[in-house]
Every structure is written in structure tokens, then in C-alpha cells.
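The two complexes that follow have subunit A in common; it is paired with subunit B in the first and with subunit C in the second.
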Partner chain A sequence: MHRRFDDELNALKEKLVRMGTTAQTMTHLAIRALVERDEKYCQDVFRHEETVNELNIVIDEAVLKLIALRQPVAGDLRFLVMSTKIGSELERIADQAVNICQNTHFLLQYPLLKPLIVTPLMADVVEGMVRDGLDSFVRRDAALARQVLETDDKVDAFKDQIFRELLTYMMSDPDTVHRALALILISRNLERIGDHATNIAEDVIYVVGGKDVRHHHEEKKRG
Partner chain B sequence: MHRRFDDELNALKEKLVRMGTTAQTMTHLAIRALVERDEKYCQDVFRHEETVNELNIVIDEAVLKLIALRQPVAGDLRFLVMSTKIGSELERIADQAVNICQNTHFLLQYPLLKPLIVTPLMADVVEGMVRDGLDSFVRRDAALARQVLETDDKVDAFKDQIFRELLTYMMSDPDTVHRALALILISRNLERIGDHATNIAEDVIYVVGGKDVRHHHEEKKRG
Partner chain C sequence: MNSILEIKNVNAYYGVFHALKSVSMSVRERAITAIIGPSGCGKSTLVRSINRMNDHIPGWTISGEMLLDGENLLDRKCDLINLRKRAGMVFQRPNPFPISVFENVAYGPRIHGTVSRRELPAVVEKSLRATGLWDEVKDRLDTIALRLSPEQQQRLCISRLVAVEPEVLLMDEPCSALDPAGIQKIEELMQELKKNYTIVIVTHNMHQAARVSDETGFMLLGDLVEFGDTVQIFEAPRDTRTEEYITGRYG
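Here is the complex of A and B:
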């Protein structure tokens, strides 16, 4: 019976990893569509979104079933409840990739405003956060989760840099306003993906340590 | 023992309602600071945020304890797991109210760009969504939850209206760009509050009906 429960937990982890990898791939493809100015990558994003949505439901059902049947306590219970929260975060990362595609769809109808340098860098960083956040969950690695929290400062710096640069464009040439806005919104989509990865990392530290860091980080950010 | 479990569930509900009411009040105060051009209301927002963060932790702990001790199944288990998800949503609504205050802080340093008509209307609607979302959870009222999902279209319409109007300002006068951007970002903060209320409503329909509508709504929105 114990052996069987371990297998079930591993099967659940495997689903979360698949979901996370898919959400990360969606982010990558959405930014690729923007940078290469080719919407075909967004078709893949929409296709992957169905997988993510299905996995979200499957994971929630698996968690409820495992809690009801196995009646786990302490660490395992915490892990199971957090799995459903992490599933929700991954699903919202996928939503943001879809939103990037919607903003990209607008942008590709017009000439390129400026070469995109910082946006792909920012995307690389948030994709890394998603990957590390999920790795830290699977390996119960609180140190890696803390690294994800620290990376959030880098995301903020990218966001501010993009904002300032595009603001300059908008203020000097009204023709750039709409496109610059779409690029600012894409940077906010990426920021939100980073936020979701941060939420995952905070959950991991909670699961692993039984310690709640969730609001310490926010306070640090504000202060 | 059964009686006791009911009392415990009611105590948990009461905490969620307190958390939801606080998050809703924070949204209201943040918009009030913007409209009345008085930052003192944001001081209250920051104060309330601590309450919300504390309740989030308390609710998660209560849920884990109740599952471990009472080993609930079916509806009660679903209700408990969803309570932690709803706690996360409410905590993020509070975060958005804080973000509105940050954008308001910038705006209040400059003259009023334009009289704010649509933003407070949009805020009223999303506050109503938060209230109804939570009411539908407490009363297990799927019909009310469905109303919340439908209201989301109204939020989108407000968001588009605000965007179009401010775009006109930005394109005709570069001096308005930064302020208009801050107002657009506030409308996105409100949109996100509406999204969180929608997530709550979808969870309610799932808890009450055991039926997952979570991705049907998205597909409708996209289609």
C-alpha cells in the first residue's frame, strides 16, 4: 500500500512537470512569434493551451482522490494541497502566453517599432523561473526556490527598462503610441509569469520547510 | 463530532468572508484615493493588506488541520481544498489594490488628466464580482457564481473603453502619455481583480456541481 502511494505521488509529480514544461514552452513560443514576426508559433501556443487546461483538471481530480483514499498527513498532505495550487499557477502562466500572442497579433499588423533586445532577455529569465520553480517543487529544494524569489528583482529591472524606453518613443512620436503600449503590455504579461513562478517557489518553501515565506517577500519588495 | 466539524467549517467560512470583505474594501479605498486625489485612503489599504496576508496563512493552516483530523470526503473535501485556492485569489485581489495605490501615488503628483468617470464604474462592477463570488461560495450558490462569470464581459467592455479613450489623449498630446499609461495600468489592475473573482466563481461551480467549468469560460471568451 505504501509503495503504491509513492507511485501515485510520482505520477502526480510527472503530470505537474508535464504541465510546467508545456506552460514554459508556450511562453517561449509566444515570444518567438513576436521576435520572428511569425504567428505560426502562436498556433502552437493555442494548441498547447488545451493540454494545460486538461492537465489542470486531471491534477485537481487526482489530488482529491489521493487525499480521500490515502488520508495522508503532514508533509504528504501539504504536498498534495500545494499541487493543486501549483496547477492553478501553471494554468495562469499558460493564459499569459496566450495574452502575449494576442498582443503579438496586433503588433504583427504594423512595421517593427524597434529591434527587440530586452523583451527576449526578460522572457529567458521568466522561463528559467518557471523551470526552476517547478524543479524546486519536484526535488523539494528550498534553496532553489529561494533563488527563484531572488530572480524576481531582475524581472522588475527588465520591466522598468522596457517601460522607460518605450515611454520615450511614445512621447516623441504619437505614431508609436499604440505599438509601444502593446510592447509594454507584453512586458507585463512576462512579469505576471514571473509572479506565478514566484508563487510556486513560495509554496515550495512552505511545503518543504512548513514555513510560510509568502508575505515576507512581498514586504521586502515594497520596502 | 459531526456537530463540531460543522462548527469548524463555519469558522473557516467566516474567515474567508472576512478576508474577502477586506480585499473588497481595499479595492474600494484604492479607487477612492485615485478619485478624491487623497493618498490617506491608501494608508488604509496598506494596513488592511496585513490582515489579508495573515488570514491567508491562517486559512491554509486551518484547511490542512481539518483535512488531517477529520478526513473528510466528497463535498467537504472539495470545499476545503477550494478554500485554500480561494484564499490565494483573495490575497491577490489585495495585491492588486496595493498596485492601484502605487499607480495612484504617481498620478497624484501631477494635475488631473481628465475627470474619471468610467474607472469608478468599472471598480464598482469588479467589487460586486468579488462580493458575489464569495457569497456564491459561502451559500454554495452556482447560479450566483454563473452571474459573476457573465459580468466579466462588462469588465472587458470598460477596459476597452478606457483604453481607447486614453489612447486618443496619448496620441494627441505627448504630455499626457505617462499619466494616461498609469490610468491604463489601473484599469488592468481592476481587470485582474475581476479575473480573480471569476476564478473564485469557477471554483464554486466546481465545488457545488463537481463539474469543471473552468476552461469553458475561457474558450467562450476567446471564441
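Here is the complex of A and C:
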């Protein structure tokens, strides 16, 4: 049976997808500004941030309205509650992209410390996590969401690698400290984006199957 | 928690119509068990067969076991009068007797001979207090029960059951004739009653099942499709048919 409620849920889902692709684009543009040493991409990031913030509010309002009026249960309830959570995660991803731009703005005032190799690789993996997290949400694909969870270890390894490498620069030449720190902060921003993508994937697994996989919750419940 | 009523592989027929298909479930003591499902799914049939209300219907046959504290209610030797004292029924429309409030409640203890004449007023008071009705009617115990509001009448019917100290209260759509305020009172009352009694409620109103019950069973076309913890059923049902029904996609 077709329900008008389904149309309302689909409209909400579309907004989340729009918010997600915008946040993903912001991450991409922020790293592009860093790699191509061109601040014009940062301007686009700041512009997109307004859209994301607006959608965050619109989505929360829509969820509250639908819970109040429809008293959803089961899959509908899980979808609605997780929509606001996923909305918050996306908003934070957008914030991290803005932070990358701020660190980039600082870096671009100085000559290149070293060729960027690992950071773009790390950014690719993180963007992929955000994209797969969103895809798993749209397609209700718990298997894809689980892949996102597994990728998170790779991101942590990249961050450690970047830190170790830049530490050697800082120890050999104190003049490099401020630039190296900015790059370390950017790797930290990327790592946080990966964490938010992981949270989204956990939310998707809950929406699809009703299983809470956060902090090994299932195993703890079984005791 | 212990189960007080074990329903095992129950099949029932109205003539050739297979109304209950191998239904098995256990009802937890001092808990509220809700049975939900679309019209004609067998939920009322299930509850009515617990106190053998369908026995007189031509063509009615039932097999399997319903064990109340180990005694099979479906056994021919089971004493129906005693059974209906142990498992009392509340119906959709309040059905007080057209006699006084006091006599309505006193009726059960009198016919079962469980209470002496001297103790009767105390039992009536206690039963009316159990449903929160005492303060509202204590000054008009002689009033004809039909003068009470529908929701008060329903609480009177519950008091009438409580007076004979049943083990199980069976409620078949007990709120469907009541307004929202009345529904809320009965639902609050159910939470009080479950401290001392086991309740099985049949309801069309899914949200009522979600609000009041500890365990929920979903029935469809005579099958008990899913039975489990109410939170689980309404948060993450295991069977897609349950999901479709409770989210309004069925039909």
C-alpha cells in the first residue's frame, strides 16, 4: 500500500543526500585548495557551508514534525531518529572541511614544506568513506556500511604516518614547525571526517537491521 | 519472570474455517501481553478461547493445550465456572448488570460463595479501590450502574472481575468505546493492576499496545507471526509482515 508518509520520508531522504553530497564536495574542494595552492576553492567551501547549516536545521525540523504527527514505529522510527543523527555528522564533516581551509590559508602564505604525497591519498580514502556511507544510506546497504567501518583503520594509519614524517622535519629544523603543525592538523581534520563517516555507517546498520553496533554494543548486551 | 499461561500448538476452527493455526506462546505472570493484528486475524478468537467463550458456537472445534498453572483449560473436565473466575474477561462495550454499583461488584463473590455476607462490603470497597473507582462512587453505591460514564462502567466491570481474585484478566478491545481521557485512565489502571494480575489485551490500536504492554504478539490470518518483547516488536520487528502492519503498509 502506498502511504503519503512514504512521500514525506523520501523528501527527507533527498534533503539528507543533498546535504551529504555538499559536505563531500566541501572536503574535496578543501584538499584541492591545499594541493593546488589556490584559495579560490576555499571560497566555494565557505559558500557551501551555509547550505549545509541550513539543511541541518530543515532536516531536524522535518524529523520533529513527522515524529509528532505520524508516531512512527519500526523501520520508519529508526530512519527518522537516525536522520537527525546523520544530519549532525554531516554538519561536522562540513565544519572539518572549513577547518582544513583555515589551515590551508595559513600554509599558503609560506613556501611548500615538502611535496604532498600521503595527505592527498588519505583525503581520497576519507572522501570514499563519506561517499560509501551516503550510498549505503541511500541503498539501505548494511554490507557497504560495514566496509566503511573497516576502512577507518586505514585512515588512522595514514594519520600516524603523516605525523611521524613531519616530526622528523620539525626535529631537524625548527623553522618548519608551524607549517608541519598545520599539515598535522589537516591530517587530524581528515581523520575526524573519517570518524564521522564511520558514525554514519553505524547509523545505517541500525536503520537497516535494528542493530546498534556502536562501541561493540551488541557484544556487551549479550554479556 | 515466570509464565503463568502456556499456549501450546492450538488449532481452532469455525466449521471449516481455520481460525487459529498452530498458535504457541507463553504469557508472563504479572505482565501485560498485547495481541495485535488486522480484523479477522484471530486475535479475539485466541483470547476468547482462553476462557472458553466460543464453546457454544456451532461448528467450533479446538485442539492443543492451554495450560493455566499447569491445568489444561481446553480439557473437557475443566470446570467452566471456576475457569471464568480464574480468567475473567473485559469486553469492548462496558457491560455492567442493570443493578446497583454495589451489587455489580458483590455478584461474583456471592455466586462463588467465596466471601461471607459480613465481609462483602469490605471486598466491594477493596475491588472498587483497585480500579480507582471507590472515591468516585462511594456515596452512590446504590445508583444503577448504567448511570456511570462509559469509562467508569468499564472500571466497574474490571472491579467486578477483581472481586473474585482472578489470575488472568482478558481484555478484548477494552478502550474502543471510550474517549481519549477515558482511554488514558484505563491504561493507567492497567499499569496498577499488573502489580497483582496478569493481563492479556487484544487491541486494534497499535500505539496502545506499544504504550501499555510488556510483550506483544502479532497475528495474521490465524498465525501468530511474531511474539516478543514490545520494545523489540515496535523498534525492530523480525518479520517483514509485522513491520508492514505496524507501519501501516499492510493491506
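Convention: the second predicted complex is superposed on the first by the 214 of 223 C-alpha atoms of A that agree within 3 Å, B and C clash if a C-alpha of one lies under 4 Å from a C-alpha of the other, contacts with A are read in each partner's own complex, and residues count from 1 in each chain.
One rule holds for everything that comes next: a residue touches a chain if its C-beta (ideal position, glycine included) is under 8 Å from a C-beta of that chain, and two chains touch if they have at least 3 such contacts.
If you're wondering where the values come from, they're calculated on a predicted model, not measured in any experiment.
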Check the residue A:177 against both partner chains and state whether it touches subunit B (first), subunit C (second), both, or neither. first
Give one of first, second, both or neither to describe whether A:3 is in contact with subunit B, with subunit C, with both, or with none. second
Identify the partner contact of A:85: answer first if only subunit B is touched, second if only subunit C is, both if each is, neither if none is. first
Touch check for A:109: first (subunit B), second (subunit C), both, or neither? neither
Broader residue contact with subunit A after superposition on the shared chain, subunit B or subunit C: B
By the touch definition at the top of the document, which applies to A:73: first (subunit B), second (subunit C), both, or neither? both
After superposition on chain A, the subunit A residues reached by both subunit B and subunit C are 71, 73-74, 77-78
Given the complex with subunit A, which residues does subunit C contribute to the contact? 206-207, 210, 234-237, 242-243, 246-251
Under the definition above, what is the set of subunit A residues touching subunit C in their complex? 1, 3, 5, 71-78, 209-211
Subunit A contact footprint on subunit B (complex, rising order): 53, 56-57, 60, 63-64, 67-68, 71, 73-74, 77-78, 81, 84-85, 88, 95, 98, 167, 170-172, 174, 177-178, 181, 184-185, 188, 199, 212, 214-215, 218, 222
